[in-house]
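Both complexes below contain chain A, partnered by chain B and then by chain C.
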Partner chain A sequence: MQNKPGLAGLLTRDKTAIRPPEVKYAHELLLLGLFAVVFVIMSLISPKFLTVLNLTSMVRNFIEYGLIALAMTFIIISGNIDLSVGSIVALVSVSIAMVNNATGSLGAGLAAGVAVGLACGAVNGLLVGYARVPAFVATLATQFIFHGLALGISHAESITGFPQGFSFIGIGKILGLPTQLWIFLVCAVIFSFVLNKTKFGRYIRAIGFNPESAYYSGINVSRVLLADYLVAGLMSALAAIVLVSRVASARATFGTGMDTIAITAVVLGGTSIAGGYGSIRGTIVALFLTGIIKNGLTLARVPSEVSTVILGALLLVSIIFSGNAKSWLNIVKVRKGKQ
Partner chain B sequence: MRWAAERSMNMKHLIKSREFILTLFILVMVTLITLINPAFFDPKNLMDIMRNVSYTTIAALGMSMVMITGGIDVSMGAVLSALALSCGAMAVGGLPQPVYLLLTVLLGAAVGCVNGFFIVKTKVPPMICTLAVSSIVSGTIIVITNGKWVIGLPESFNLIGKGSIGGLPISVLIMTAVLAWNIWFMSRSRLGRNIYAVGGNPGAARLSGVNVDRTLILTYMISGILLAIATIVYCTRLASIVTDCGTNFHIPLIAAATIGGTSILGGSGRPVGTFLGALILELFRTALVYLKISTYWEQAVQGGLILFAVLLGAISIINSKKAVGADAK
Partner chain C sequence: MKKYLAIFTVFMMVLSLCACGSSAPKEVQESKGSESSQGEAAPGGDKAPEGDKPTIVMIPQAIGNEFYVAGQQGAIAAAGELGIDFIYDGPTSPQVDQQVEFINTYIAAGVDAICIAPLDSNAIAPILQEARDAGIKVITYDIDASSGRDWYMTPCVATRYGEVIVDYMVEQAGASDIEWIFLVESLGDEFQKAAAERAVAYAAEKYPDLVFHDIKQLTQSQDAAYKEVTDLLKVYPNLRGVCSIGTIIFPGIIEAIKDTNNVDKIANVGMGTPNAIRGYIKDGSLKTSLMWDAVDMGYAAIYTAYNSVTGTLKEGDTTLDCGKLGTLQISEGGIIIQGDPLAFEAGNIDNYDF
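This part shows the complex of A and B:
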């Protein structure tokens, strides 16, 4: 099997006979069952729940996390983590708004936003893939840097002044469904395809299982990780565009806590925090579950801070009971061996 | 002869050490800032800087201990807010000063224990575990306080933060004591040596008879106690305690430890380096003020410094590996 040069080579179909480990739906079914239970309970408790207005606003709220969670699934499967996604959202939001106001052209603003997102992803990817800095430290440092840059260039002020049409992405509808839901569905299909059917998907699983053996079996680990983080940067930029379009303003505080929720959805969806395996469909089901829980708590007049507490607890519980968490000490040992 | 040879070896080590480089760097920075603005080199201003460094150093020593075991604690910011609020609330409630200070320290130890216990028993990566704890704690704060500040603090509350003995601020004296204790603890005590052993190679530590789980839990507990002491030094300077006073407090702590030479992979790091790291951060902040750069850039600078220090560490690891390889040949 020849490895085609260039990033594009990674997206060729994976034609080898070896399939990923046998597909297990048990976890997803459990989550889906939970989702159904919560859905029924919510509709019985609150008359406001089962209304088009509420369901639409619920979907609009968590699609932004969802776009990031898709990319985060790839990153966690590869045995890494990205704590900077929330800060990338902040920096991209602010850049879009500032370029838009400076040039008067929304197109230039969006292009700048995507460029900034990709640049942030490239920084992370170079640090993790090439400089071999452990992902949690590298992305923690870049989290501070990106957020600091967003604060610095915007002076922590809220920026507005977008043209009318821009709000279509954030509050518009296509065929009766929120625009961002369509964006999310398209992305989900692409991500699922890439993870299950392309070489890239198999490479990130291999790297997640064991970066050393992945390296010795001829995978360009550095390049794959760089691509992985570029994707995360791109998806963060996309999430920022949707978010800015929905609220029609940009602020450096946007995106705070997004990383935690994205990681929660991914881990709850059955992706191993130690890397090696995981699925996009698991992430999507978990995302809907967390979204509905958050929405339910809001309808029950529980303050949003309490739902933060509950989601934090959910993250811990899902990691502990997923049975995936390998010993952290083992992971450290593997990393040390690599250095 | 032998003594002389040994002494020159020691000198070489000293000059090559991280602490020496950091000290040189600090001297250069102080000179530069003084050139920009001579008002900087005023005893009162220098004392203010030391006051600011004091609580960062105390908490960063705890962070450094956690990082030496191969872990990290991003919940320190949220926990600092919680400790400061409860300390203030107890003071307003009329408890005698020694009692509420002691209770704050015990609370810090308890939170540290919970963190350590979770990490050891569930094998959840410390990063994720403390991230979850952080969101749980900061949410709980809002629920309990409803966003209200703690006000109406008694006069005696500010004794530690603002008072001084013989011209030296009490906070700086506390920092000196904690630093001295930590230097002894990390280099001479059994638990301190075990911490390095666990961070260096947990498997080898276990085989040589170290109780890894116990060491880890104790490390998080001690770092909780240090955080509580830092909280006391910090919050007793304030006139009222804001609910999010500790937000992002963990950033300078991680920065101070990594700049000071604590390895993010665990196994190495020294208290004096951490102190110098905290001092450098404070000098950078002062420099930003004197250069009339908005303080909004501070966080970006701290992140950049962490990254710089981490990359420096990565390069030195690669170099030492090359040297080992050359020896083997």
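This part shows the complex of A and C:
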């Protein structure tokens, strides 16, 4: 069995110690190759795929998931999970709409939305970080609570009444690219930087490897986890803003299933579901990969039941062959050693 | 080196899935087109509009939903008659953001018309407007959007439903001086509200001796509706007529009337799909369910879309020639009317499966 060199490496900035060197980029490369292949296939089977209109509008379909997936990458690297992000999106959506309508000020609505997102994140963070409730259970519970609140305050009705200009985020463009793509790119750069270049990034990886030893190494695990969930709440709020802007209305059913899609992108991107290692670039490639598969299959007239099955199969195959590449390669090594 | 084997396997898997995925459904769709269709194109070949054959995509609230599957059958029949390149696609679960995603994709695909049953009238409006801006004809069916569509094919006009349901209740009761109530699932629903209000007004005009009690909103659940109706029957012991709208509450209402031994005393008319109420019709606990034919709904939606694309259907038209359904009326605001509500009764219920 492999000894875990991770923690010492993390604390001494020796990044190579985090993972066995032979798998450092294996998963990302595999995904990138897959992305290229799928891209070519989709271009071949559907003449509408490789058009500026399709490629730009396609992005709008999954940026909201992407924003959440960035934060989810952090959470999963820290060895936790957040099943409540979809419900946070719902609660933030209706909060924005109701405050906007009550005050007549979109700014107040957006501020309220961000505040609600952070509050939800804080609840999760306190439960997981301080009350030590297992993340799966804690966020499963808050998933119901946040969704119930959203349904309750909105009476399950659709709420409209946003000013015209608000749609710029959801359906506008900057330099020919959808506004939300720019938002996503900026966030992606920040997340990547934080994960790779800051103490916080090293801390969440250390906690993901082994929370006990992280704690005894002097890391304030509770506080890091709280921050982790606050970030998830914030990104959920941002996703909600993009979504609400795109559809010019809010409803408590928004965000349903977003959690699983975000988790899918993260895991497909090579982040270990057990925590400890993972990358933002993997998540991004996985996000775009699933995006073009869904879009391309729709254009190729593959019924959506079939494309969901294909996505599920892809996730499984990717994890079997590569998500666990670390342990898998070790098994291979051990076998070779015995021979 | 197993790494390369792994990569290769994944590639092959995706390749094979894409390959079978792209050709299989195409055959199905093509075969439903006109006889003159050029048959199967090269595998993985061109999906661009073939000649002047319009491409129409139909997006239900959720695929796999019985009701919309029936609509799909009608739509396929219409597409066959008209020679349309027909696509049926939509969310696997009823989520409006997924519906928006499909519309987004089909705008890029450059279809000629989109037929959609919106999950959320408001949320769908901006993307529908975008589709129209891209020159795509937008037809809503079953449910209307708050804006952004060219035509709305309604299976039934709410006010007309309100009138017909009262007529059926009076006929079933065999008396026009009974006490009655109107039950709805949601007063927030425009159709239910309009139909209920019209029913009350119409009853007062046409059957002045009817004693009306109340429009009651029940909880949107079969069990809750059952309890609420059981209580209502205690509040109004002389109740002899119950009209209702709401496919979820209807079985609860029927059960409540059945369990309180009121089947013969109370004339009960409401809205239920044939498959949901078949058992009650068969065992005699229900006489009439008032709804519409979902197959015809899909059929009429495609005729609307086709005629809108070809330009036969223009603003200001008052009628639409709709194949085997004959001539449909068009009311103000671009609303095509499928017809009067249809009563499912012991005599005809087995002709319907949705």
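Just so it is clear, the second predicted complex is superposed on the first by the 278 of 339 C-alpha atoms of A that agree within 3 Å, B and C clash if a C-alpha of one lies under 4 Å from a C-alpha of the other, contacts with A are read in each partner's own complex, and residues count from 1 in each chain.
The criterion applied here is as follows: a residue touches a chain if its C-beta (ideal position, glycine included) is under 8 Å from a C-beta of that chain, and two chains touch if they have at least 3 such contacts.
Just so it is clear, the model here is predicted, and its values are computed rather than measured.
Peer 1: I'd like to know which partner A:L181 touches here: chain B for first, chain C for second, both or neither.
Peer 2: So A:L181 meets neither chain B nor chain C here.
Peer 1: State whether A:V306 touches chain B only (first), chain C only (second), both chains, or neither.
Peer 2: After superposing on A, A:V306 lies in contact with both chain B and chain C.
Peer 1: Thinking of the overlay built on chain A, is A:L243 touched by chain B (first), by chain C (second), by both, or by neither?
Peer 2: Touch status of A:L243: second partner only.
Peer 1: Applying the document's definition of touch, where does A:L53 land relative to chain B and chain C: first, second, both, or neither?
Peer 2: second
Peer 1: Quick check on the superposed pair: does A:T253 touch chain B, chain C, both, or neither? Answer first, second, both or neither.
Peer 2: Touch status of A:T253: second partner only.
Peer 1: Which partner chains sit in contact with A:T142 here, chain B, chain C, both or neither? Use first/second/both/neither.
Peer 2: A:T142: touches chain B, not chain C.
Peer 1: Return the residues of chain A at which the contacts from chain B and from chain C coincide.
Peer 2: Residues 155, 257, 303, 305-308, 313, 325, 329, 332, which sit in both footprints.
Peer 1: Tell me, which parts of chain A touch chain C in their complex?
Peer 2: These residues of chain A touch chain C: 26, 30, 33-34, 37-38, 41-42, 44-48, 51, 53-54, 57-58, 60-61, 64, 155, 157-160, 167, 170-171, 243, 246-249, 251, 253-254, 256-257, 293, 295-308, 310, 313-314, 317-318, 321-322, 325, 329, 332.
Peer 1: Considering the complex alone, what residue numbers of chain C touch chain A?
Peer 2: For chain C paired with chain A, touching residues are 2-3, 6-7, 9-11, 13-15, 17-18, 21-22, 25-26, 29, 44, 46-48, 63-64, 87-93, 95-97, 100-102, 104-110, 120-127, 130, 146, 188.
Peer 1: Provide the residue numbers of chain A that touch chain B in the complex, in ascending order.
Peer 2: Interface residues on chain A, with respect to chain B: 81, 83, 127, 131-134, 136-138, 140-149, 151-152, 155-156, 257, 260, 263, 267, 273, 303, 305-309, 311-313, 315-316, 319-320, 325-329, 331-333, 335-336, 339.
Peer 1: Please give the residue numbers of chain B that touch chain A in the complex, ascending.
Peer 2: For chain B paired with chain A, touching residues are 70-72, 74, 118-119, 122-129, 131-136, 138-140, 142-143, 201-203, 212, 251, 254, 258, 264-266, 294, 296-304, 306-307, 310-311, 314, 317, 321.
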